[in-house]
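Below is one structure; the comments refer to it alone.
So that you can tell them apart, the chains are marked A, B, C and D in the order they are listed, and the count of residues begins at 1 in each.
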């Protein structure tokens, strides 16, 4: 029996392939799903089963695509918001057998109404659960968010509590295989470690330490989560089934002139590092450093926008395109093949930003410059733990829609947890005509100035 | 300016990508054409032009597929047998410019009526031709075959002669970039070296040493070429445009039982090494060792046949599927994931062959066993240089259709140039009920027995 | 915190790299240890600690080599047979800290006197053990062998029992990370699954189900294990520290003539598949199919023997050389670059074997041919569960030394679990002048003939 | 017969492997020479011969290292400055035979006294030269520099002229395989195309168009070349034979604190992109963007300097280490594993630069700011074609030694061909206490301001 994890880094998404001898099942496949076929083939197994732990809202499901490639059947949980057209329904007590491997279905609603967990038993060695695919019910160090049904928050938080008891009842010995790891928007307290057991989570997962069901529900209701607008598109697609990835995700190389003419009718994404953007960038471009693509593209880009890209290398552009494709943004018209160096040597105009370090920010906080405004673009959850005195808070995802609240005549220093989102924020401000903007590259905890909480 | 070769080994096919700065052209792309996009992207160039030197008869053209992926235009020569629906016509004197690179069209008919060559000039350095894509007109050590128009053989051989003079006139300094290398069925005298120049070929290519046009024509008419039946399918597809490769070419892993039930309604291809087939194989399977796939599948398989595969490893199966896919055989239902070892340990019946070495064959030739018949499966061209005394000649490609000529009561030793095709031949005989068959693993030149020519 | 497994397939050896943020520790590194540096670098961590769970007897330890590459310190357990010259001593209660990761030393003797386990705690999330590196104390589905101290077998079996109690006391939630997986000679009952937890093993590991310490000891004493002679060399090397791998393990390509002249003074290893060997092989060669290299080279080869290799491809030869290098066989003078095909077409003599299937073996068992002898080359442990009637048992590892017990005038059919070791056995017999030998390619359980146990 | 190029990008160095059937020769191997063994093995050939076209001054020769790995003999030309201790002498008329391949030695002094060319003949097809390894005698679009013997410049330029006539006499059909491509300091006029023929060069190479030997000599004497100080070290090492590369070139990952303490006693190399350095960098670091490493490390680093590195990724750091290793800089103590982002979020101080575009520079040139000085760091050869009015010229390689010529009170804008070397120059100025410095990111040809030549 084998279990193999297939990660999609930017989304912190984890899909799984599990099998025995000549058959394999895939749990929660992503859109670009050749990888599962290759993995199964290398092990001499055929994919005969595809399981979804719930309707994914943060990425395009590969289930219908993989089904078309392999002939495998897809199973989804009961009670979906809309019927999942490419799947049959699996219910508590159903079980699948692949060689020595048995997969038992557990209904574990809460995160969504249709959430399932899949318990695995290895009949080569014994009948205790050796592991469980927990989807978005239970993570390493956290549990799933329960804010997707705003009209019945207590009910779904309670449902998750009950589901977690079911999982705990599997026994301390069972390993957990969740659908997300640290960095996902599907949970904010996940550990950096990517493996755990029911027993360990029972002992240490903060959300499994609450004294009562009621206390758990209260804690869940107090959470703040963000829901990028692209989630809606994903939910629709994952009901009817999305299209496969384009055959080649390598974006077209554009000369400086071709790029410039494409750029006029497109959004320019700069996926280079934050520092490179600060150093020099194409005017009007968004500072969407590659690590931010999966998390923030869905806030800033519309599905009808044409996109062009500034990248350091073809490989960097290709990886950014892959991440965009996983959440459905396929309209990348090309990338600036000479990178910014060619842009500049062609005599084109570029812009720079200023980055300030902790010493400089402390200095300004002590003696605020005239007309100066701190802008904090972190999430509500982050700022609830403390902000710099005098800072204005607008979450980065909402900045394009709320830039009008800012005074274009003032001078802004944008701050976040490290400077990456701050730089993205600065690029958004520039696009809205706010010219006097710089960014704090650093972490607030190293400032002399203490944070305040209202 | 750059030129990069993309080879398809079994077919000995060479396609090319040529470009300058941000633009690239592809010459004679194959069906699985993501590779061209990747290569161009790595160089920071976009594919803006696709050129065909002629209508390929030995593989599915990737031109329409690559055009759909990139938006590039396709150009094909004038006078095709049927209009090429996905291409515009390029004619002598046309030229294309990509940065410093100029591509000039030369009409070089003979191999086919629509054959073009593409001369490249690098305007960064000078205006002499630096190279020429010669398609199937001129190879390293050989020239194209001229047997595709059986009703006007002299005319097309003469046309090729004239085309070659055009190529020679480009100057000794020009490098040649042909569409095939050693091992292709599109020419039999190619050198193992894969690079050359007009000047070198002028001096040493045997077909450029003839004293006159007439002598050249006579020599061409005396050649023997084989035309596998699959050529017709390729010619049709390359007029209308073939389908892209399946998204994943990894064949489905089959358990012993699943394989056995598939095998009943399928042709079993054994793509392991010749020795492994000799050692033990699934009864009824064809000994199509991977190196033989591209050359002989097109003789032995119909496009409606379902196929299953015996391979040593998933990777070997995948590569064989890729080669089958390049010539249009997509109906591979799976491969025996346990290989022959699992077949045998599952208690399944297998068969073996006997291989004999030079000493044993000499012994038999000196004292022929009773009822014994040598069967030579080499091509007409090969046997024209000499055969073993008493051998019967049936070309391997024609063996399935002519197996009825053989006496099932006799005992056969099959011979070829090395033993690979002989083993394939033996597997064909077995499928036709001839049981007493073994193979000579070796080369005739090492026998004590001299060859005879009628 | 991360844990990554680095496997050495043939040996079924598992080494581990564990770390947190910028520091990493390696557990039980193998000889070719660039892989650990690459893995750590990719994670942005430096290797600062090397831990050995015990003195490895089945492979060359990479600890001193990796220490020289990285500057990391090596720790080894107390009470080694001889002092380990490259290591400091770690004792129960010692602990190491790398960022959030704590590694606690547990003395777990039994398999060897110096056996340690390393418990890991992730202080990012809690203080319960999240996992334990169990070396050769506890495997998935088995425990370590205890036959290395023949003068005090009860004592060491009892010590292992006590060590296992210590491990169980870590709690059901802890994952186990052992030094071997299925296929290792260090334990015979391992599961094919390669992950588990203390809790699962407590429930299902057969060796943790014994009613008492005494019963456990009795069960251990009843086990049969093999100890290839090369173990002694490993034990010596792993006291003083072995040499690094040769810089390039790609063996020299040899022409047919060069191979033939090398072969005279060398042992010829044929690492192609078992079927390929059966089909045709160089006379006198050993049928050491690649999967057998790690397990059987140490029985058949001396450290002063020069070796040459027959392989299907350069890559196959390279991998075989790597596996040989891991157990100290560096004297590979080259490989036959043309493989057997070139050998045969050069007119060289080759030999073949006969393989028989289950039907044929049943037939012979019903009506034994004259002078016929079955030879079973499986291990004592395997034959203790049943043999074919009339079979003689000589373990494959001991066959070279005991071939004199066989009558060269008789006809032998060699059997094992599948046919792989039987073919190796047949090649050994041929080297000892026994010509009339064939192999059973199949599994005894599919025969009509029932097995017998004395 | 095959020829394969092995490139070392930063150095624009090209080594070659040429062979036939089972034997191969390597021309001008670099220090990390496992690559040659792998390439030969893949082709089924053994490396039996190593040839040096001349004593390399710009990289560590891998000849003695590869000889130790393979047992192959090394040959070097006559008349070296000092005897090459690891090589035998090859002279005009010597020839080597590897299967069908013949390699003929041609003495072609000029670039160095000991320069050889190696003519290859493919006896499978004919006896005309099919190609020639021209070392540093003849490049694509240029010829070798002749400034290494300052006491006899005319003599060696004349010798090169004569050598080139020898090469031309090989015939237009011969391909050329030189030791360098565009970007090398061994010649400044090389074409971007990396393949050519004797015939093409005869027609278009500017240095082969001179009317007379005398005119050629005059032209060579008028050239300006740079000789980084590290050349002397290479020349010494390539007489006695350098050490192999370290076994793992992956640099040690350093935490922010470890990096900071290492940095004090080391030179900090920032190998990220030029823009990233401009955006934010560790104070005191050198802006040695990866593309500059091979070309400028040898000017700026001493062989006794300890080095630490700032890189975007482990892979970027590894590649930079490899390039440093090829020219003998092995003292890399580690890299900042968190990159600059981690440095900043740890609260560490960083610095930024200002980059200006063409519009801004034109503006300044029209109205020079007070105390402002343009500093042009291009080579003498480049500035000889024109400089900006008022600019001071100091070649980047000489800037550390001549920084004292600059007035630390003034404000500098550093310019070069694109901005990359300018940024390196700015980082050098900062290290010398000149704080008011910015860089022009762009090319002078796009300025409104015309260049001046004295």
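FYI, a residue touches a chain if its C-beta (ideal position, glycine included) is under 8 Å from a C-beta of that chain, and two chains touch if they have at least 3 such contacts.
Everything numeric in this text was worked out from a predicted model, so none of it was measured.
S.K.: By mean C-alpha coordinates, which chain is most distant from subunit A?
M.R.: Max centre-to-centre separation from subunit A belongs to B.
S.K.: Any idea whether B-C or B-D has more C-beta pairs in contact?
M.R.: Comparing B-C with B-D, the pair joined by more C-beta contacts is B-C.
S.K.: So what's the Cα centroid distance for subunit A and subunit B, whole Å?
M.R.: Centre separation, subunit A to subunit B: 47 Å.
S.K.: Provide the C-alpha centroid distance between subunit B and subunit D, rounded to the nearest whole angstrom.
M.R.: Computed from C-alpha means, the inter-chain centre distance equals 42 Å.
S.K.: Of all residues in subunit A, which are in touch with two or more distinct other chains?
M.R.: If we look for residues of subunit A contacting two or more partner chains, we find none.
S.K.: Sort out for me which residues of subunit C touch subunit D in the complex.
M.R.: It comes out as residues 21-23, 34, 37-38, 40-46, 69-70, 244, 246-248, 250-255, 258, 314-315, 317-318, 334, 337-338.
S.K.: Which residues of subunit B touch subunit D once you look at their complex with the stated criterion?
M.R.: 1-3, 122, 124-126, 128, 130-131, 140-141, 171-175, 191-200, 202-204
S.K.: Quick check on the complex: what are the subunit D residues that touch subunit A?
M.R.: 272-281, 312, 339-341, 344-350, 352-355, 357-359, 417-420, 441-443, 445-447
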